[in-house]
Structure formats: C-alpha cells, structure tokens
Amino acid sequence: MREITYAEAIREALREEMKRDERVYIIGEDVGRFGGCFGVTKGLWEEFGDDRVKDTPISETAIIGSSVGAAATGMRPVAEIMFCDFMGVAMDEITNQAAKMRYMFGGKVKLPMVIRTPVGGGLCAAAQHSQSLEAWFTHLPGLKVVMPSTPYDAKGLLKASIRDDNPVIFLEHKMLYGVKGTVPEEEYVIPLGVADVKREGRDVTIIATSLMVYKSLEAAKLLEKEGISVEVVDPRTLYPLDEEKIINSVKKTHRAIVVHEAVERNGFGGEIVAIIMEKAFEYLDAPVKRVCGKNTPIPFSPPLERFVIPQVEDIVNAVKSLL
Amino acid sequence: MGEEKLWLDMYISMVRIRKFEEKVVELFAQGKIPGFVHSYIGEEAVAVGACSALEPTDYITSTHRGHGHLIAKGGDLKYMMAELYGKKTGYCKGKGGSMHIADVDLGILGANGIVGAGLPIATGAALSSYLQRNGRVALCFFSDGASNRGTFHESLNMASIWKLPVVFLCENNMYGISMPQRKGMAVEDIADRAAAYGIPGVVVDGNDVIAVYEAVKEAVTRARAGGGPTLIEAKTARWRGHFEGDPQIYRTPEEIEDWKKKCPIMRFQEKLIKMGILDEAKIREIESMIAREVEEAVRFAEESPYPEPEEALEDVYA
Amino acid sequence: MREITYAEAIREALREEMKRDERVYIIGEDVGRFGGCFGVTKGLWEEFGDDRVKDTPISETAIIGSSVGAAATGMRPVAEIMFCDFMGVAMDEITNQAAKMRYMFGGKVKLPMVIRTPVGGGLCAAAQHSQSLEAWFTHLPGLKVVMPSTPYDAKGLLKASIRDDNPVIFLEHKMLYGVKGTVPEEEYVIPLGVADVKREGRDVTIIATSLMVYKSLEAAKLLEKEGISVEVVDPRTLYPLDEEKIINSVKKTHRAIVVHEAVERNGFGGEIVAIIMEKAFEYLDAPVKRVCGKNTPIPFSPPLERFVIPQVEDIVNAVKSLL
Amino acid sequence: MGEEKLWLDMYISMVRIRKFEEKVVELFAQGKIPGFVHSYIGEEAVAVGACSALEPTDYITSTHRGHGHLIAKGGDLKYMMAELYGKKTGYCKGKGGSMHIADVDLGILGANGIVGAGLPIATGAALSSYLQRNGRVALCFFSDGASNRGTFHESLNMASIWKLPVVFLCENNMYGISMPQRKGMAVEDIADRAAAYGIPGVVVDGNDVIAVYEAVKEAVTRARAGGGPTLIEAKTARWRGHFEGDPQIYRTPEEIEDWKKKCPIMRFQEKLIKMGILDEAKIREIESMIAREVEEAVRFAEESPYPEPEEALEDVYA
C-alpha cells in the first residue's frame, strides 16, 4: 500500500472533507497560502480559496470563539491553533462555550467543530512551544479528545472528527508530521472511541499515546530479545476512551504501564491507572506504573529536553521493574 | 408592517419585559427562583429597539442580563419562566437557568454567564452567515464592563477585516457590578473605540427606543449590504442592583431616581399617546394582556415537573 | 477558642499579611469598596486604600498578566478571580508565564503571587459558575495548589501562600465561606505540603478535598454507627502533596476512597489513585474507588445539580462497597 | 552624557545587534543553534533608540524576536550566545533558549514565546514601580501582529486608567509571519488605537534611530512624571524571514531590497559621518571591536559545557 506522511494524511483528510461538505472550513493563523507553521494545510488555500481557508490575525480567542458561533449556526469549522501551548489563550472559549453550550441549552444545539493543534517536544522549542496538554481537555465533559499516532489513524480519525457533531480537540504530534505510514487510497473513516492494539504480547501491557506509541514499540522490540512479550495498546481517542480494550489487555497480561509525554502529575496516565484499578484490580500481578514527562516545564537545551521526555530506555526499565 | 403597528409592538414588548422582570424579582425574593438573577429593568428600550430592527432569522448573542434580549427577540415567557425555575419544560430543560437561556430556532444563541463571551460568538455567527450567503445578521449585546475584555478587541478586529455582518451593541449602563464605566476606562464614549477597527461608532440614547431602533436599523442595513460591522453604544441604566441582593453601595439612590424619571417605557408611552397610537384604554388593555401572559408563565413554571436527577447525564454530547 | 467563618479567616490572613509586608496588595474585580462578589475582602479597601486594594476592569488576562510583572519586580500580588470558572480567560498567563517564568529564566526570578478563586457548586449558579478546576493547575509544574476546607486551614495556608516565593493557586469553596470553625487569635502559619488527618479510623481511608471533607466526615459518622471506622485525610495542598500521610493511612486501613467535587474524568482523584497504586499496591485489600463529580457540566436545576455533585450517601455507599 | 557620546554608543549598539544576528543566522544554518531563531536584522534602530531613552533600572519586556532588545538593554553577548547554544553558562542555564533569554538584574523581563504576552507583564512591572514609588518605567516591545491580541486591549486599558509608567512600543514590521499588517487590521496606523484608551499615539520612522529615541524619550518622561502610558508605533521591517527557514512566499524580494536601501545602520552612519562623530577609521575600529566581541561570545558558548541532564529538575520552584 501507498506510504504518506502524517502531515499528508491530515491534509488529505481535510481536503476530502472539504470537498464532501461545503460547510467545512479551515481557520487559523497562517493556514492559507503559507500552509500553516508545519505546512499541514499547504495547497488547500489554492484549491479552496480565501473563504474556506481563512487566515486570521493573532487572535486565538476570536478563532475559537468565532468557531463556536459558526458551528452553532450550521458551519463545521476546523480551527488550527499553531501550538497546543497557545490553547490557554482560548481556554475560556473551549471550556465555557464549546464544551458546555449544548448541555446548557438542554441539548438544543450541535457544535460540530474541530480544533487541531500540535503537541510535544523534540524540536528544542522550549517551555512555551512543547507542551502536551491533553489532560486539560479530557477533564472537560462535552469535548472529545483525539490523539493519533500513525498517518493511517490520523487520517481516519480526523475525518470522523470533522463529521462528529461535537467539539473535538485533535492533538497532532509535531515530531510525527514527517513520519510515513501506509494509508489506503480509498476512503475510510475510523470511529472515535476505538483503541488499536499496535502490537500483541503476553507479559505486559503498555498503554501509550501519540509519539510514545513508537517509543513503546521500540522498547517492545528490545524486550522481545530478552524474552519479554509486550502488548502495546494505543487508545487513539482519549475521550471517548475504549476502556474495554485496555482492560481486556490488562486482564490478559496482568501488568500494565502507561506512557505519555505530558507531565506525569495529574496527566492522563492517572486516569488510565484509576480505570485499571477500578476494573481490573484483581487481575494485577504488579502495580501499574507510569512513564511520563518529568514534572517540569520543557527545557530548551538538547540534553535537558531529552531527559524530561520519556525515552525508550525508560520504558524498557519500567517494564523490567514489573517482572 | 406599517410604522404604527411596529411602534405598538415595540411598546408591548417593552411592557412585557418590564412586567416579566418585575415578577421575576418578586419570585426570586420569595425563594422560588434559584441561582442568580440580573434584572433588565430600565434598559428595555435597548433590547426592543435593537431586536425590532432584526429579521426573525437574524441572530443575537446575549449576556448574564439577558431576559430582556430574549423576550425582545421573541422568547416565550412560559419556557423562560420554567427555565428560571429549573423545570423540565424550560427552554434548556432546567440545565441552563437564567444565565443560559437560549432558543437557537429563534436565532437566540444564548444568554451567557461569561462577560464578553458573546462577542466572538456573534462574530462567528456572522462569519457563518457570510459563508452561507444567507443574508443573516448577528447582533451582539454586551455592556460597558465587557468592552474592557480582550474578546471585545479580537472580535471587532476580526469582524472589521472581513467586513462581517455583525452589529456590536454596547448597552452602557454605566457600571460593571460596582465599577463605574468612567473608572474602568479612560474614554468617555465606548463608541470611540470603533476607530481602532476602522468601523463606524455611534452613540445613541439608550432610553429612546426609536433612536436605538434607527441606529441599529442603519447598522443592520449596512451589515447586510456587506458594509461590515458597526459599534453602537446605547447609554442607559439598570434600575436595580447588579444582581438581586446587591446593596448598591457604589451609587446613590438619587442617581437611580434620576434615571427612573427617564423611564424608557413612560417616554415611549407619552410619545405614542401624542401620536394617537395609544390611549388610556389601550394601555390598560395591554397591561392586563401582559399580566395574563406573565401569570400564565408562572403557572406553567410552577405546574411543570422538575427533571429527573438522571437527566443530568443527558445532552453532554450530540 | 474563638469561632469565625471561612471568609473571615481568609480576610484576616489578607489583613495580617498586608500589615506585615508592604509589598502585598490585592487586585481583582470589585474587591475594593464592594468587598468582592462573596464579600471576602470587605473592609480591606477602607483600611488599606486604593493602591493596595485595586479594583480592576473586567480583564482577567491583565489581572494575572500584570501580577506576573509585578511579582517579578518585587511585589507580592494577591489576585482574586471572581469565579474559578473564569481562570480560562487567564490560562495562558497562568500556564506560560506564571508557572514557567522562573524555570525558563534558569531560576533567576521569583514570582511570589497568589491567585485566590472560589470553586464549586451548590448555589445553582450553573455550568459557568460552579466548576472545580484544580486538575488544570496540578498538571502545571511551577504552580502550587492549595485547597483548604476549614477556616483554620484557610487562614494558615493563605498566610503561607502569600509568603511563598512561587505562584500559588488558592482555591476556596463558595459553600464554605459561611462555615464557622475555631481559629486562634494568635498568629500561625500552616506550611504548604502537610496533609491533615481530619478523623482517625481503621477500616477505610477517605482522601477528600475542600467541601468534600465535610461530607466525608458526615459519612464517617453514619458509618461509625454501623461499626465501620473511617479515616479522613485532607491533603489541604494538592501540590506540594503530602504523599506520606496518604500512603501511611492506606497502609493502615488497606482500603481507600478518593472524594472530590470536580468532574471525575482526569480529575485529581486519578493522580491520588496512581500514587497509591505505585506506593501501596501490596497493602490494598480492595481497589481504590473514586467518588467524584459526574462527567457533565454542572446543571442549573436543584435536583440535577445535587445529582452531579457527590453527596454523603454516595460516599457511604462507596465505603460499604469496599468492605 | 554628552549627545556625541550617546549617538556613538547607539551606533555601536546597532552594529553589535547586526553582527550578533548575522553570526546567529550563520550558526543556526550550521546546526549549532537548536530550536527556532527569529532574526532582528533590519529593526536595530527601534531597540537601540528605545533602550537608549531608558535608565539602566528601567524595565523592558521583549518578544520571540528579542535578541536586539536584549543587546540594546545591555545584555552580554557571551551569556546570550551560550543560551542560544543551550549551554550551562547561558543566561538561563540553557533552560530558556532564544525565546526566553532574560536578565532581571538588567531590567530585562525576558524574551517571550507567546505573542502579546509582554503587554500585561510590562503593565504589571509599571504597576510595581508605581506602588514602590521607585520611578522606574517599563517599556514593552511588541509587533503589529501582537496588537491584535486581547492582551493589547486589556493592558493598554488598565495602564491608561491607572496612569501607569509604561511605554507600549509597537515595532510595526508589517507582518506577523505571513499575515500583512494591512490585512490583519482595518486601520493603517496602529498608533491610532491609542485613542481607544485616551492616551497619546505616536507614529515614528522605525529606521531612524534618533526619531525613535526622541519619541520614546518623550514618552518615558511623561510616564515618569505620572502622565501615564504612550503607544508608539515604529514603522520598520525585518530583512529576513519570520524565522530562519521561512520561504517568505508572502512578499517579494524587491520589497526586502527596498527596505535594505533604508538600512537603519547605514542611515545613522551617514548622519554621524556628516556630524563628524564617525569616520572611516572609527567605523573600522568599531566593526573589529564588535567582531571580536562576537567571536568571543561564540568561543565562550562553544567551550561551555551543556548542563547535566538532571539539572532539568532544578529551578521549577523557588
């Protein structure tokens, strides 16, 4: 099958959905002719024009607030926030408008809108351009939260997100944009809420998100050489969360590790641990461990950045510590 | 619609707001309405003047002080009152309450508990109209306090560069809770801020319903014709506290009494009497009609059931 | 000992610290003569004047952003955000400036600032005026997070927070403002990072925060009648977190329940569960349960609001389910 | 300080920025500097004109394009370069990098990766000065794109009502990444926005260092005297892409060439030559002095060690 990059897969999803549905439009800073800071929307402005690929002033609050207003009145905006770190600028609009409007109105409005934004470190972009803030969004009922790891998942999940009638936070990893993977030419959609077992194994379950799926698969390969069989589960969507697949895997392996790049403290990992605790406690042969970003802002200097982000060896060591 | 009929409808709408609000205040004092209540009494000319200049398909965004806006845009008193009571039959099934009443079918994109939140939402509704080429206009109600929020700046800027069909209507009632408008900003007229976005800024007497109507009409016409947004500042006052229970230590009773002398309803009434559109009998007829509507709304609310607790789990997602 | 309310205790802490240290000032909406939306700062404007009790326009972004600038240059602002729900408006300033400035500058600045804000439901104030968003802040390294339950704790912890050289998010519960408790006349300070065992017990540990401490104590009383002995631990500060006291209690009781009012999904409860999992797994006789706010926005109507917020009977039932 | 000496120092400072930035661009291309780099080349007159009007104890807030501001305020090239390399000896021990260099002792409250974040921080520093009655002024650098953020509005409003000693200096370099200033707002001069806050708004040629100096000097004097904030717009241009690696599809090479003809350093040099303050020999002397400084900074950076990985855990809390 054909191989394309994660960025190309996202662009294809955008293009296909914009062609399929006139109500879909893109809005964000430099998303037009410039093609977005990471080049994801390149070519779309040329194809769809000014109205459907809207370059904005530096006004994240208005980007998201206007998307709420447009979504409530029949459009399907796909907003891009240049870095996930800037979501704070629009956090009121996300929290108090997007996530709650339907509920506050007694179910009488739909808000089909997607906010795409890149997360993660790895570029030495330092503390204000490297965060993974998914835990803010999973804590907000009313939002769906998607975090794809492969080009295939990114495309199928973005299409589902755009078709969803709820606000979806779609978190892309900036170190994945250039990563290639097989993506069929034919159209497909991946429903939100279905985890994917990226590798089957018997001894330990790793639940990993986004870029950490790759690091976990690498760790699994190394551990295989030592006779340890690791299963890697990628939830793909953090809400809705496919608890069943996670729990079934843990029931099989009796051991689990949660790996994410975000800061450990009150990260999504805690939620996964709590769910395993509630639903598979009797099956556990060891405590569930977390391998997460250190509890610091992301530092600039390469050796420091590398240190605070989970690495393959950290995952390997954590797995071994459980056995 | 002939002007006479329009003026009469506007008068009725103002009385409807006044009577509804008076009842709400009373019911709140009796402990029948939970939560917060922000009374619109005194500002009726703004909501009615503005909404009368709109088509039914146009949009409004409202505020925490929203009852007047909703009624002026055609909100049904029964569903409003039921919502204020937290009843299942309310506009939001009891989930929203005073600060979140909405009826998207009437173009009402919701009261809003976040000051200044309506500005980007209205901008988005206008963007939506523009993209759908459906000719609709969005009108955003907000007050002086909200004009100091970042959302004001970003929204007026965005709307101005894209010439979106939106009217930003600032009800300058001179206070944001206890903060006097003149202390919260170093300019006298909020309308002057329009210049920062290259759009027209208009000051209007917010207690003169016709003046508001005409200013908004002009802005709506410009917006619909692709001329972009307008900032209108309607100078007015709330007669009651910021919320029910506010001791109002920040202003004198005289100040309030002065404003009561400029009652927008009385002023309009006098005008309509002079024009021969209203007379004593008609006034009494209207008042008793509205009284019945309000009573009916209260009865509806009181007789309606509360939602079942488990219904709290519904409507989070579509 | 003298009894005063939670609001009075907070006011006393403010007054004492403002007297003690000229650099301390209060900034927020209607905090001056009006005394704040919940009356907490009443009388302070009369005592300290315009400069030290600063009424602002409705500009949360500037309130917090300016506090960062003032704290970095020698002042010790205590900002009030009228409702915790509005923290989103200033979330960029909190996240990218307050929490990270010291780190980004290589430790070369101190940011002694406190953000006080009321959390919680109970007033039928609906979805935008009832949230408990502590999990946003515990996820941000660089912030300290305090959540007192009693007047005594509120006073002592606020004084410590004002004296702390880091940004502290100080979360008050609006249903507690009128609650009375004993508070000594003499000065005292409660160090951040020390949990308090509000009730000793043998069978189950409840870790509860803020208003939920009271509900847990009520539940404990009811359970006592049935012969079940419950220990209630109040962390008081979520960061720094007194893990030791929590873990020691769990090691003693072998069972634990986490109770908070915030939405369950990715709430602080998950963090506590994960910590117990890591540090006391072998001591557990049952899975740790969470009794938290339902995963919805807070609805307006009284029966609905009551339903989504944890009640005494929910705690009682959860405890029984563990035994 | 005599004017001659001041002009000469300003000239030297501009050359120092230019040469530092040219070296940084080169080192970045060689892969020696990680992360993002936003070059200040072309805008030197703004930073130098502005900072020359400040006292050493005054504050500045800077931006993602901050190297020029920091050098003009007295930043040491060695510690700056070491920080850009991510070395332990850098201003921030390698934790900050280009977008976060700071030296609070020099009154530099940091470069900032968040566009528009400096405005409320500068407002707060000014509030701090006011409360401490220490006579310090805060100067906030930001660019045209940032002026569309809500922080601009809230900060100018807050500073204006309290008459805080702050100067808001907008370096209008005509673009925010690919967004032309004229497309991002519906007004020509950003300085016009001052009227929305009742404060003076001044337009100045951002490539004329003396003009910038004089405008800022006046604003600083007013601020220090309790006259409140000023909004100054300095019109200028960046010569390079938004960041290193920017293909600049949004503007023509001619546009850049035109600006190069207006080089702020050459203009000032010519002026100083005419005034007899500079001559060929002096220019060569200055250039080689700066070249040595820059080389020294590079050597310092290259010879400095990286921080130990575990140092990442330090400095989170005081």
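Order as written gives the chain letters A, B, C and D; numbering starts at 1 within each chain.
The definition used in the following text is that contacts are C-beta pairs under 8 Å (C-beta built on N, C-alpha and C of every residue); 3 or more make two chains touch, one makes a residue touch a chain.
Since we're looking at a predicted model, the values are computed, not measured.
**Q** Would you pick out the chains that touch subunit A and also touch subunit B?
**A** C, D
**Q** Going by the average position of its CA atoms, which chain sits the greatest distance from subunit C?
**A** If we average the C-alpha coordinates per chain, D ends up farthest from subunit C.
**Q** Roughly how far is subunit C from subunit D, centre to centre by C-alpha average, rounded to an integer in Å?
**A** Computed value for the inter-centroid distance: 40 Å.
**Q** Could you put a whole-Å number on the gap between the CA centroids of subunit B and subunit D?
**A** Result: the chain centres lie 45 Å from each other.
**Q** Taking each chain's centre as the mean position of its Cα atoms, how many Å separate subunit A from subunit C?
**A** Distance between chain centres: 30 Å.
**Q** Nearest whole angstrom, what separates the Cα centre of subunit A from the Cα centre of subunit D?
**A** Chain centres of subunit A and subunit D, defined by C-alpha means, are spaced 36 Å apart.
**Q** If I count partner chains per residue in subunit D, which residues reach a count of at least 2?
**A** Residue numbers touching two or more other chains: 92, 94-96, 100, 112-114, 148-151, 154, 157, 161, 183-185, 316.
**Q** Pull out every residue in subunit A that's touching 2 or more other chains.
**A** Answer for subunit A, listing residues that touch two or more other chains: 56-57, 59, 61, 85-86, 89, 92-93, 96, 103-104, 126-128, 141-142, 295-297, 299.
**Q** Testing understanding: with touching defined as stated, what is the shape of the graph linking the protein chains, line, ring, star, complete or other?
**A** Topology of the interface graph: complete, with all chain pairs in contact.
**Q** Once bound in the complex, which stretches of subunit D touch subunit C?
**A** Checking each residue of subunit D against subunit C gives 59, 61, 90-96, 100, 102-105, 109-110, 112-114, 117, 119-129, 131-132, 136, 138, 150-151, 154-155, 157-158, 161-162, 314-318.
**Q** Can you list the residues on subunit C that touch subunit A in the complex?
**A** Against subunit A, the touching part of subunit C is residues 85-89, 91-96, 99-100, 103-104, 126-128, 131, 133, 135-136, 138-142, 239, 262-263, 265-271, 273-274, 277-278, 281, 284, 286-290, 295-297, 299.
**Q** Going by the contact rule set out above, which residues of subunit C touch subunit B in the complex?
**A** 29-30, 32-34, 37, 55-61, 85-86, 89, 123-129, 294-297, 299-308
**Q** Which part of subunit D faces subunit B closely enough to touch in the complex?
**A** Touching subunit B: residues 148-154, 157, 160-161, 183-187, 192-193, 195-199 of subunit D.
**Q** Considering only the defined contacts, which subunit D positions touch subunit A in the complex?
**A** Residues 34-36, 83, 86-87, 92, 94-97, 99-100, 112-116, 145-146, 148-150, 176-179, 183-185, 249-250, 306-313, 316.
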